[in-house]
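The structure that follows is given in the form of C-alpha cells.
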Amino acid sequence: MSYFSDIYNGVKTLLTGMSVTGKYFFNARKEIITQQFPDNRATLKMFDRFRGEVVMPHDENNEHRCTGCQKCELACPNGTIEIIWDRVVDEETGKKIKVIDKHIYHLSMCTMCGLCIEACPTDAIKWSQNFSNSSYDRTQLTKVLNKPGSKIMPGVKDKE
Amino acid sequence: MNLPLSITKNIHDWLFELMSAPIAAVVEMVLIAVAFLGFFALAGLLLVYMERRIAAFFQLRLGPNRVGPQGLFQTIADALKLVSKELVVIDKADKFLYNLAPYFVIVASLMALSVLPFSQEFHAFDINIGVFFLLAVSSIGVIGILLGGWASNNKYALIGAMRSGLQTISYELSVGLSILTIVLLAGSLQISEIIAVQQKGGWFIIQGHIPAFIAFMIFMIAGTAETNRAPFDLVEAESELGAGFHTEYSGMKFAYFFLAEFINMFIIAAIGTILFFGGWLSPFGITESIPLLGVMWFMLKVLGLVFLMMWFRWTFPRLRVDQLLTLEWKYLLPINLFNIVFMAVIVWLGLTINF
Amino acid sequence: MDLTKDYKIIGMTNSELQTLINSWNFEVEFSEAESQFLNITVKPENLHQLGLQLKSNKETSFDFLFCVTGMDWGTDLGVVYHLESTTHRHQIVVKVKTSDRENPTFDSVCDIWYTAEFHEMEVFDFFGIKFNNHPNLKRLFMPLDWVGYPLRKDYVDEVNMVIK
Amino acid sequence: MTTTIETNTFKSEEYFINMGPQHPATHGVLRLLLTIDGEIIKNVEPDLGYIHRSIEKMCERDSYQQIVHLTDRMDYLSSHINNEAVCLTVENALGLEIPERVKVIRTILAELTRLASHQLWWGVMGMDVGALTTYFYGFRDRELINDIFEETCGARLTMNYNIPGGLMFDIHPNFVKRTKDFIAHFKTKLPEYDTLLTGNVIFQKRTQGVGILTKEDAISFGTTGPVARASGFSCDIRKHHPYSAYDRVQFNEAISTVGDTFTRYQMRIQEMWESISIIDQLIDNIPDGDFKVATNAVIKLPKGEFYQKVETARGELGVFIVSDGKKSPYRMKFRSPGFSNLSALKKMAVGSKLGDLVAIMATLDIVVPDIDR
C-alpha cells in the first residue's frame, strides 16, 4: 500500500538527513571551519597576490621607481590615482624630465581591478597584502604614495 | 538520607509555625511563584544558549564563545540589550491588544510550567487532572500569537498569526490523542500517579512497546508543531514572512515571545519525559535511594528531548501550509486513532511489558 | 523522450534566409556587413507582421528572442532584435528605426515573444521608445519620476555623469 | 480615513503585499508586488532598479580594458565568466589568435566559478525552504574555491583576471594542486548534498509539481540556463556555440522535461557533476605557452556590431557591442540571463502559495545586480 510505504520512505529520508547533520555535530571538534579573526591575526597570512591596496615601494635611500608617466592615472577606470608632477632639468643630460611631486591614491574610490599595476612600465607601484583599511575618517583613505623627500631611483627611465 | 526529601516540607512547616495559616499560605504561594519565575528566566536563557551552541556545531561553526566562559553569559548580555532597547510603538496598531499579546504567551507557558514535577519533592501543583491541565493551558499561548499578529497591523504578521491559528487547531488534536494513548496505560490523569505507575512497571515507552513508540513519535512531531519550531515554523518562516507574527515587536516584548517559544519547547519535552520516560525516575532505579537526584534525571531526559527537537530544526526544510494540514489530517490523525484502539486492546489483553 | 540533441545543426544559411524573407514582400533591407548575423531592417509598420511571420513560418521558426537592444544612432532611434530558432538553430537580427525623436513609437512584439514585455520596458526606460499594445509600459529601472532618457546620446546630467 | 469601508462580513478580498526590497527571500534588493488571496498568489509584478548603476552607460565612456572590471559587478557570482564574455567579444572583433593555454585556463576558472555559484545557490535554496544548515555546508566548499581564486587572481569575488588578449598574469604555481585537492574534496561532499536535501521527503514535497514552466513558455520568455533546461529547452551555449576550450571536453548537457522547481534544482546538482568532470579533463592538460597576446595600449575595435554569448551559472549572457571605431564602444548591451528568467516568474508563481513563491525564486537563482545592471 502506497500509504504506508510513503510513511516508511518519508521517515527513512528524514532519518538519513538527520544522520548527515548528526555526523557533523558529533565530529564538531574536527569539522569546525570558523576562523576567529582578531585572535589569529598573527598566523593569518594573505596570499601574495592578494589585492589589498596600492603601495609604492621605497628602498633604503628613500628612492622609488615612479617616473611620473601617468599611465596608471589613465588606466584607472575610477579616477582613483592623481599625479601631481613637475618638470626639472636633469643634471646629467641637461634635458627637462618629469618628476612626481605627489602620487595621490584615493583608496575610497579604488575597485581593486589591478589595471594601474598592469599599466605601470617601471613597476613603481604594487599591491600590498594589508586588508584592514577601515578608518574613522574618510580623509584618511586618501593617501600620498611617495614618501616625503623621496627621489626617483637612478637609472629608471620612461620607455618612450 | 531522608533529609533532602523534606526540604519543602520543612519550609512549609516552618512558615505555618511562624504565622497564621492564611498568611502563610499566601507567603508560600509567593515564594513558589518567585522560584518559578526565576527558573523560567534562567531556563529560557540557558535554552537559548544551548540552541545557539548546538546549531553552531551542526553548522560547522563555534557559536557564541566570547562573553564569559564558553560564551555562557552571551544570552544574559542579549537579555540586557533587549531590556534596554526601545519599545517601538506602532502608529496604526490596536494598542491595547498589541501590548497584551506578549503577556498571553508568557503567562500560558508559565502556567504550564507550574504543574511540572521536577522530582518527587519539587512538584508545586499536583492536581488530579494534571495532564489535561497542561494541554489546556499550553494552548492559550496561541491566542497571544493571534492577537499579536492581528494587532500589529502588518500583513506579514497577520499571515503568520493565521497560520499559527490553523496549525495549533490541527496539531492540538494529535498531541491530545497521543497523550490519551498513554493515559490508557496509566489509568490516571494525575502526574504523580502516572509516574508512580511507571515506577512499578517500567517506563511507558517500554511498557507500551509498539503503540507507545508510535504515540511517542506522533507526540514529538505534533509537539514540535505546537511550539512553532522548524520544520513547522510557518508562523515565523523567515524566508517567507520576514519574522512572522512578531515582526512589529521590539525589545522586551519581542523577548517575551522569544522566551516563551523556548519554554514551550521545554514544556513539550517535559510532557514527553513524564509520559514516556518516567519523569524523574532513574533508569533501572539506580539512584532511587537519593530522591534529590530525580531532578538531575528529569532535566537530563528533558534536555535530551529538547536536543532532538533542535536536531529536527537544524536538519529539515519547512513544510508548506497545505502540507502541514495534509500531514495532520491524512497521516497523524488516522494513525493516532488506530493507535488508541491498538493500545486499548493491548491493555485489555494485558500484553504490556512489565518488569 | 530522447533529449540528446545534435549540436551541429545549422538551419538555413544567410542567403537562403534572405531569399525566403524577400519572398514575403515586407520591404526589408538586408545587410551582412559589419556583423556576424544577417541584419534585416524593417519599417516600423511592418515590424509586428514580420515578427509573426518569422516565428510562425515552419522554415524559419524564430521562436527564441534572446536580446532586445535599444539604440540611438545619433539621428535615428531604434530597436535591435536578436532572434534564434530553437529547432533550426539559425540566427538573425531585425532592426527597426525611426527618426522621430520626440515621440518614437513601434508596435510591441510581446504577444509573439513574451520576453519582449520586460525588454521593451527597459528600452522605454532608457530610450523613451513607446510600444503600442504593451500591457504595462512603465519605467522599470529608473525612478518613476525620472526626467529624460539616460541612454540617449543627447542626454545630459551634470550631477550624476562623470565625463572623462 | 475619509473613505468609508464597506463592512461586509466574511467577504473575501484580495490584498496586496510588498515583498522586498528588504526581504530575506529576494536575495538582495528585488521588490515584488504581490496580490494575494489568503495564501494564494494572484499576481506578481517585479519592481526593479534598486541597484541599477547604468553599467551600459558607463561602458560608453570607458576603454575596453576598463569595461571588463565593470562586468564583475553585474552577476557577481559568475564574475569570471562575465569578464570572459567581454574579452571574447573584443578578441573576436579584433581577430586575435588566443593562446591555447589561455583558453584552457579560462575554461577551468569558468567552471570553478560555476561550481562556486551553484554551491552558494544550493545553500541559499536550502535556506529559502527552511533548512538553514545547508547554507553553511555550501559555503564551506565555496570557500575552498574562493581560496583558489584569491591565490591566482588576487581577489575572491570580483577577480578581473581576464584582459582582452588573455590573462592579466599567469596562474599561480599552486593552482593545479589546489584545484585537484578541491575536486577530490568536493567529490566526497557533493553526495552529501543529495542525502541532506535532495532526498528529503519534505523538500521533495515542497518542490515537486511547483512552478511548472512548459517548454514553449520557457522559449518564449527567453529563459536560459538551468531554468530553461529543466523545461526541455536545450540551450547550453557551451554545446551550441562552443567558445574557449569547450569544444574539446566531453560533458553532457543537463536537461529534463518536467520543468518544475525540483527539476530546476536537479539540473544544477547535475551541472556541478559536469563541471567537476570538465575540470578533471582539463586540469592535467594545461598547455604551455603565453598567458596573453600583446594588444595595443589603446584598443580600438573596427566599425561594426559584435555579439558574443557565453554560458554563465544562470544562463546565457550576451554581450552586444556596437563600435564606431573609437576607443570606447558606441553602445554596449548586456543581455543578462537573470532578467529574462525573472520575466517568467509571473507565469510560474501565479496560482501557487506564498511558500512556493520563495522556492520558485530560489530555483530561478536570482542575482539582483545582474538583473538591474
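The chains carry the letters A, B, C and D, assigned in the order they are written, with residues numbered from 1 in each.
Here, contacts are C-beta pairs under 8 Å (C-beta built on N, C-alpha and C of every residue); 3 or more make two chains touch, one makes a residue touch a chain.
Values in this document were obtained by computation on a predicted structure and should not be read as measured data.
Participant: On a C-alpha centroid basis, what's the spacing between chain A and chain D, in Å?
Facilitator: Averaging C-alpha atoms per chain gives centres 26 Å apart.
Participant: So the centre of each chain is just the mean of its C-alpha atoms; given that, what is the distance between chain A and chain C in Å?
Facilitator: 42
Participant: Could you tell me the distance, in whole angstrom, between the mean C-alpha positions of chain A and chain B?
Facilitator: From the centre of chain A to the centre of chain B is 53 Å.
Participant: What is the distance in Å between the mean C-alpha positions of chain B and chain C?
Facilitator: 63
Participant: Which parts of chain A, given as residue numbers and ranges, touch two or more other chains?
Facilitator: 14, 17, 20-21, 33
Participant: Give me the residue numbers in chain C that touch at least two other chains, ranges are fine.
Facilitator: Each of 162, 164 in chain C touches at least two other chains.
Participant: Scan chain D for residues touching two or more other chains and write them down.
Facilitator: Touching at least two other chains: 62, 133, 140, 196-197, 200, 202.
Participant: What pattern do the touching chains form: line, ring, star, complete or other?
Facilitator: If you draw each chain as a dot and join those that touch, the picture is no line, ring, star or complete graph.
Participant: So which chains end up touching which?
Facilitator: Every pair of chains in contact is listed here: A-B, A-D, B-D, C-D.
Participant: Using the touch definition up top, name the residues of chain A that touch chain B in the complex.
Facilitator: Result: residues 7, 14, 17-18, 20-22, 24-25, 28, 31-34, 36 of chain A touch chain B.
Participant: Note which residues of chain D are touching chain B in the complex, please.
Facilitator: 15, 17, 23-25, 39, 126-133, 135-137, 140, 196-197, 200, 202-203, 205-206, 353-358
Participant: Across the complex, what residues on chain A touch chain D?
Facilitator: The touching residues are 9-10, 13-14, 16-17, 19-21, 33, 47, 49-51, 75, 77, 111-115, 118-119, 127.
Participant: Provide the residue numbers of chain C that touch chain D in the complex, in ascending order.
Facilitator: 1, 3, 5, 7, 33-37, 39, 63-67, 69, 71-72, 80, 82, 86, 89, 93, 113-115, 117-119, 122, 126, 136, 139-143, 150-151, 161-164
Participant: How about chain D: which of its residues touch chain A in the complex?
Facilitator: It is residues 62, 65-66, 68-70, 72, 133, 140, 143, 147, 150-155, 158, 160, 163, 168-169, 172, 192, 195-197, 199-202, 204, 297 of chain D that touch chain A.
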